[in-house]
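Inspection log for the structure reproduced underneath, given as structure tokens.
First chain written, first letter: the chains are A, B, C and D, and each begins at residue 1.
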Amino acid sequence: MPESNDENTIIRMFRVYKRYGAQNALADINLDIRRNDFLFVNGPSGAGKSTLLKLLYLGEPVSEGQILINGMNLSRVSRKRIPDLRRTFGIIFQDYKLISNKTVFENIALVLEVSGHKSKYIQKKVKSVLRTVGMESKIDAYPPTLSGGEQQRIAVARAITGDPKILLADEPTGSLDAESAMIILNLLKEYHSGGGTVIIATHDKELIRSIRGRIIYLQDGQLQIPKAIEV
Amino acid sequence: MPESNDENTIIRMFRVYKRYGAQNALADINLDIRRNDFLFVNGPSGAGKSTLLKLLYLGEPVSEGQILINGMNLSRVSRKRIPDLRRTFGIIFQDYKLISNKTVFENIALVLEVSGHKSKYIQKKVKSVLRTVGMESKIDAYPPTLSGGEQQRIAVARAITGDPKILLADEPTGSLDAESAMIILNLLKEYHSGGGTVIIATHDKELIRSIRGRIIYLQDGQLQIPKAIEV
Amino acid sequence: MIFFVKRAIKDMNGNRFINAVTIVTIALSIFIVSAFGLFFHNVNNLMDTWKKGVRILAYVKKHTKESQITELKDKIQATQGVASLTFISKEESLNQMKDHMKRQAAIFKKLKENPLPDVFEIQMVGIQQGMDDIEILATRIESLPHVSSVEYGQKWLGRFMTMFNLIKFSGFALCGTFLMASVFIVANTIRLLFYSKQEEIEIMRLVGASDNFIKAPFYVEGIIQGVLGGVIGVTALLITYLLISSNMEQGILVDFLSIRFLPIKICLGIILCGIVAGWLGCYLSLKQILKY
Amino acid sequence: MIFFVKRAIKDMNGNRFINAVTIVTIALSIFIVSAFGLFFHNVNNLMDTWKKGVRILAYVKKHTKESQITELKDKIQATQGVASLTFISKEESLNQMKDHMKRQAAIFKKLKENPLPDVFEIQMVGIQQGMDDIEILATRIESLPHVSSVEYGQKWLGRFMTMFNLIKFSGFALCGTFLMASVFIVANTIRLLFYSKQEEIEIMRLVGASDNFIKAPFYVEGIIQGVLGGVIGVTALLITYLLISSNMEQGILVDFLSIRFLPIKICLGIILCGIVAGWLGCYLSLKQILKY
């Protein structure tokens, strides 16, 4: 693996493979992501976008190759350090992954409790973040009683609450109408201009068009040469 | 409730309300849907689109008002007849509702087993319908191992397998890239031209633009006057 | 039907761990209840053997003629509750006494005349009587002509009866509680198992499955679990029994008591209980889940 | 810590049904095990009372002088296994015999000289001996000078000992099995409960919760369940005990035996078992779920 020759590289993937049985979900991925990048991972259904994000937050182990995050090699991270690693990310999951039997407030507060914040701060912070996604009225609702778009907005709120270094967003506006999507997009922009690194996996060309960012294109688990993308 | 003056009315909603606590998820909905209609239910996140579909297949009881399906009053359907009613629908759920511990084949076969089809017919039918959505290679996979878009295509496949009279589709292309979405759209068109009635709940203006159909617009649970919609 | 059995087996295979837990829970419950049953079965047998030793002695008045004695014998024989009786003449008694009290033999040497009475030794019908029944019978016999007095039991017999009743009472109470507890535990294990299937059931209903379509494989599953649990439980008990009884053979018990296994009918009954528990678990769970 | 307890209580409130099932399962298991314990505790007490009645009679040779008797007394007293002894002179014996055998009183009237020997009635130390120990002690005493012979027990005593051993043996075996089965059932009930929480745990891990953060409330929950289950179980037993014993007072048992409740120490021990079971259930479940 070549030495990191750039102090600003926050994520580096080197010859990364991910296999499920015989299938290559990802094949030979080489990718550098720099601090404060705004990266779109584009590609059709089943291309491996979600899988790529999963490898970053150790949702799955790589099959082959190396991933460095902040100079830390993921294949050498001890079990005890995984929670710390995950706290550097804010993650918007494609299927939201909200806890059904906890209220919206509890779901979001969890991220802050995990890093040991005070109860008072949590109260204030959760309320303010819910306001920014327009969901303050649902603070005591349980996720299964929310509409698809509402759940997605809660997922976004949870991801940005902990002020993470890197935001991983898997189809963050897929269930949203144009207007709500715009609110979320502005939120992501704001987070980015605050110095955060954003990685968005999406099949939605419109979303890509609406923000200036770097775009990579996946097809059948392989990174395509940039010219293949016409935005 | 006014007499059904049209033999062709397959669904009639009359002064329908759906309340969750104090909130009106749907308020004073009056709607006639005719056989072989292609209806879009449009509206922003949380408008009540999914709720409207839920009332039709008795996923939830109405709070007030009457719904007639095929001349049958839903509030007077006995518990024993509910399965029959549901088999007249093919439903694409917004959250897919695939059974995690059954394979793709088993998930789809279920719809046919339920109406007592023979094992041989089921085998053939499931394979052919998976082919039409481009998912035949995943026939023995379990839903949690599929990508978001793949799961959605399985959900579509399941909904059309039973040759239902009415197709209820809740954001049927939300997780799909343009190309896969087009395949699904063509499938829906085909179903429609075969005489089926289609009701699609979506926030996606692009989807609406791509097919000629009737459009209704929901906002905060209320049906808006048609002129409010600019496609 | 075959279709549902197939579905059930497939499903059980898919949820192997949870099914194993349920089956082992049923097996354990059955093992415990039936171990307890076995224990009492044997204590009961033991008690019965002892009780057979309980006799009533009826002393005949002095100077009763032989014909009167024969008459008395018939009368006693005819009394309700008497199984059989033996006549022991005073001569026999004296000889027995001499044998028994060798150490005090001096006493007997000095006797001119046999001071002992003739006696009837009476075995009672049935073996289920408590102290009360024996007493009633004794009074009845005492009231017969030519009977001078009646003697029965020893002090320890009273204690023994009391203890027998204590054990029996506690035994029934405990066994009953066990049975109920087992059914409860098994039913609830199955019910917890259902929590993991609630989503599946909900989806099946949404795609138009009838209640019976949904229920059938669960019942098949519950019954298979019950049968397997029952068979495993009873087999485990049999093995334990064989181990213990072969140890006992070499031990102190060989001479007068051999422990016995439960009769086959009861074994089948126990397995049936397992099935009922499995079925009940399903029934309760399904009732709750399919209520709407 | 308080934070985790709060979270645990909130969580338990949210899963009321499942928690109730777990607690009741623990309570039932504990009730059964301790009911069995109580039963044996009382049978044991009963046995002990009876065993205290076991005496060895040592007959003194005729024409032994009084000084020799005193000497013998000291020797017996000094023998290992002897708790106390009473001297019964031949005169006392004869009087006793006269009282006892009133019906045969004729015999005694004709006696010129007391034919009975002097006798020592020996109480044994401890109450745990089997038949063997008694025999050994008897042989030892028989070998002392001036002892003509030794007599102990009756035929029923032998049976009684055997039965005591049978009950004791089965009792320990059953109690042990119960205990293991209960721990297994409780642990697995909790484990099944975890199946419904797997998703929640997975999500917590994904948002960066440490293992301890995830585990703590589960342990608190398990321990609360254990405590509640244990207390309910023991309380149920106490109530049952009170009901039974108040019934018994009016029954046959009042005269010579009163059943006793388990000592407080054992009650606390039982509750501790409940806690251990709850904890163990968590431990096993968490180990499995958090393995990656």
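The working rule: a residue touches a chain if its C-beta (ideal position, glycine included) is under 8 Å from a C-beta of that chain, and two chains touch if they have at least 3 such contacts.
Because the structure is predicted, anything quoted here is derived from the model rather than measured.
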| item | value |
| --- | --- |
| Set of chains whose contacts include both subunit D and subunit B | A, C |
| Chain whose average C-alpha position is farthest from subunit C's own | A |
| Between subunit A and subunit D, centroid-to-centroid distance (C-alpha), Å | 63 |
| Length of the line joining the C-alpha centres of subunit C and subunit D, rounded to whole Å | 22 |
| Length of the line joining the C-alpha centres of subunit A and subunit C, rounded to whole Å | 68 |
| Chain contact topology (line, ring, star, complete or other) | ring |
| Pairs of chains satisfying the touch condition | A-B, A-D, B-C, C-D |
| Contact footprint of subunit D on subunit A as seen in their complex | 57, 59, 79-80, 82-87, 89, 91, 93, 97-102, 110-111, 113-115, 158, 162 |
| List of subunit C residues in touch with subunit B within their complex | 3, 14-15, 199-200, 202-211, 213 |
| Of all residues in subunit A, those that touch subunit B in their complex | 20, 43-46, 49-50, 94-95, 145-150, 152-153, 170-171, 174-180, 203, 205-206 |
| Footprint of subunit C on subunit D - complex, ascending | 18, 21, 24-25, 28-29, 31-32, 35-36, 39, 42-43, 46, 50, 59, 103-104, 106-107, 110-113, 115-117, 130-131, 149, 154, 156, 159-160, 162-163, 165-167, 169-170, 173-174, 177-178, 181, 184-185, 188-189, 191-193, 195-196, 240, 244, 252-253, 256-257, 259 |
